[in-house]
């Protein structure tokens, strides 16, 4: 990685940029872990209440026994210390509701959510950037207007409602797509058939999740391209005889992508949030559904684990995009 | 070149079409083995009903574990692990003769030691409902490996209503003794005595059971495999039932509206009979610790203002009947219709409130209180809204509060921080197991969920309840139960709003589905696929 | 061929044409404002437009829209009038949107201004706090907050504001950094004005623009969030909102999908109006050269 020349007076610590960023992020992780713990304890009612409720009756002894098991009868400080100790060993605790380790549960559901998120992001990026570029460079005003209108609509549509409406159309009426879940029940598929099955189940949720970000990327790309197009080097390229297509693809787009990179980082947190609603609508077996379950059953260990992991993920994505950005644009280092 | 999106859309449409073609009209055989696909929801916490008592567990557990007895259509005991039984003359000893040809799924023989361990070490110690129900059992003697004798301090007829596998659960002592039954790993991979053997539990997906080749009841089970699918989405469950992917769904698998629609489906049966031993009842409690609710006229007025017929129709879509008291009308041996009633009469309601001194103020409101909705789903929230609207008409302003389950339980049973609440609960097969919990002053236990929430205390009622618990003569006991209903309706600490009809949905061509009152908790060992009907 | 004679427009049409000309220059702003005005009108006039209490069970259930003159938009599964629900729901949605938007904008502007102006340690700390709030997945955070406290309009407004102020803070901070270097601010420092006073009298008024522009976008976000929460059953049970209508219609989706479609459209139109308004304001605040650049390519 090239280091741009820096004035010796400004820089005192010549640590490499990535390391600095990681160190900046660490205290945040700790703060998140701590705040999570205390603030979730604010919720009245605990897991013992839930289990007792589901049993249809409970004696105080039964509940005391449950609480002893969960460790929730200990004083708060002790619980917190235990929690920190586990965290250091990367042990996220035990979910008494599911009778499984929290880490295991999360890792189990993570791929499903990741599949959804990554597909939606890719879809939104590809189509959004293509549409945005098209809107910016097209000679027909109509294209620009059409893209803008669609983008604005995509921005305003409640995703979960879009999902419900699509379900009515494609599932209940046309029977083209399955209405929920990740794979068809009762049929054990392998290989290519399994891919097709999952793809069919993924179609609507991914589209809904992508719709919002598609709109954002389209606008952003359009604005970015319009900005780049005004620069000298574009005019130079055209003057040197490069075709319009080539200019756009090899000169304009790569430069216009920088803000997109930043936006992706910023939006990752919201992407995860969006998946909560979408997973509920389409019964997608991912982290979003798991967290709703954890909230309603007061499975604190599980909820803390999910919040912690998702915060880590967001931080990681932020970090990576910062580094990518820094690699793209060396001026950043000096500015910081 | 198609964009990725076009590619996805095309391939998904294609995939959709090919799926439709290959969708089996109710897969009943897979590689020659007959497979029954059922559904449980939500995902159970464990598979042994004795350690994690809850509906989703119970429906699976009965296939893995047999009980001492099971019940017939008239709720009379039928032999299962116990071949026969006798009661001593003073009714203080019940002798069960156990089968000698039963083995646990790991080959260990089943003996009376398992019964002793299960009743004395688990049921009486940690099971929330068994504990009070078995209060009179002081010991379980095991004179020989195939005889178990329950020794009672006092005769206790209620025990006879609580002896099936979901109630008096029998654990394998050799795997549970010395461990904590609540966290024993065998709760997730059970070793039982039942018709099916546990094979695998793919979390979030399915639970797979296979036929027990050494089952004592020859000829059963009649299918080779039993799979419980876990399907969180209601519309997916509905689709699965309609296209035969799931053939048996015991736990109210779809919304009430959807159930009404599926009733029209010629291939499906929507059945409520199997829930009768659970006996779900919907009621509204007043917090009697508040002075304003201590005037019985206020409570009666509110009862007059709620149209229970409309509640049953508009909110529960006919999956309920108006209740006339705390005991459901289909429990013929215990029910009496001869109790004070409060028919829908808003004018009378207003008159009573005026009498009680609660007049309309400048904005037309007589009384304001909050109402904690029951948390188990949309239906109960709608019921809350219904109550709110009905009471608005007589000048009572109700504020609805939607807590989630843990907070709700805390607020009602620990902190008593509520004005009114509505809930459903299981009255169970004998009023002593369920109903008295709501009216007994000794059951006002802070921190215990589903105890006496209203705080109702009446010496008269307590006497009646204690009679029910101790009376030997069946006729006098039934009289006491009738008396309970009369007092409950007269004092009205709680308005009994409806007898709910939970339901199961299963394929019409399944044979021998258990429709006894414990149908929903019964094993599926007798079920087989009949001739496929014309679709 | 002679040029066609052009008659000047009559006097009464001139103001209208003037408005149209302005609108043509800023179509988003115009469209957004118009739509929003219409929605506000419906919300304010709910009492007169509709005959029924939206929560009251006044008709037979499951009436399809357009089939019964008494219930133009039909009834839901409990017999409640959907038109009343839409009109009265508009009120609640707008209230929530505006309240949350204002709160988030105010908090974000204040924090951003302070961070940008003070710089140094204060800036670091405030930026870490902002990052903390941005790292938590917003909806999860909101859900946990609503569950912990209690589902009600106030809780929703508060939690939406809490998750949305960081974006405002970032924007305002960038502006504040710029403004802090301006001469009049330096001058104020020199004459000894206290720093808090400078923030309030000089910095804030000059950095408000991005915050104000964002209010309408934030309001749109708030309405969307409320819809999701109500849909998930975490809304306030004592009011009918568009989100609660969508949620309760979910059970009957297979047959009576209009119960979900109609309130969803209402949300869409309102958030659209707010976004258009926001974009229009943004364009006003940051005019950009258009058209000129395309010619290069």
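Read from first to last, the chains carry the letters A, B and C; within each, the first residue is number 1.
By our rule, a contact is a pair of C-beta atoms (placed from the backbone, for glycine too) under 8 Å apart; a residue touches a chain by one contact, two chains touch by 3 or more.
Since we're looking at a predicted model, the values are computed, not measured.
Distance from per-chain Cα centroids to the pooled protein Cα centroid is smallest for A.
Simply put, of B-C and A-B, more C-beta pairs touch at A-B.
In terms of their C-alpha centroids, the spacing between chain A and chain C amounts to 23 Å.
As a whole-number value, the distance joining the C-alpha centres of chain B and chain C reads 46 Å. Look at where the CA atoms of chain A average out and do the same for chain B: the two points lie 40 Å apart. Within chain A, the positions touching two or more other chains are listed as 43, 167, 295-296. Each of the following residues of chain B touches two or more other chains: 235, 403-404, 407. For chain C, the set of residues touching two or more other chains reads 147, 253-254. Of all the residues in chain A, the ones that touch chain C in their complex are 27-28, 31-32, 35, 39-40, 42-43, 136-137, 139, 152-153, 155-158, 160-162, 164-165, 167-168, 172, 226, 229-230, 234-235, 238, 244, 247-248, 266, 269-270, 272-274, 276-277, 280, 291-292, 295-296, 303, 306-307, 310-311, 314-315, 318. Chain A makes touch with chain B in their complex at residues 43-47, 49-63, 65-66, 69, 96-100, 108-109, 122-123, 126-127, 130, 167, 171, 175-181, 184-187, 196-197, 199-200, 202-203, 206-207, 282-283, 285, 289, 293, 295-298.
Listing the residues of chain B that touch chain A in their complex gives 3-5, 8-9, 11-20, 22-24, 27, 37, 42-43, 45-46, 52-55, 125-129, 131-132, 180, 182-183, 187-188, 203-205, 229, 231-233, 235-236, 239-240, 245-246, 403-411, 415, 425-426, 437, 445-451.
Looking at the complex, you find that chain B touches chain C at residues 234-235, 238, 255-258, 261, 314-315, 373, 378, 381-382, 384-386, 388-389, 392, 399-404, 407.
Listed in rising order, the residues of chain C touching chain A in the complex are 128, 131-132, 134-140, 143-144, 147-148, 220, 224, 227-228, 231-232, 246, 250, 253-254, 257, 260-261, 264, 267-268, 271-272, 274-276, 279, 288-290, 292-294, 296-297.
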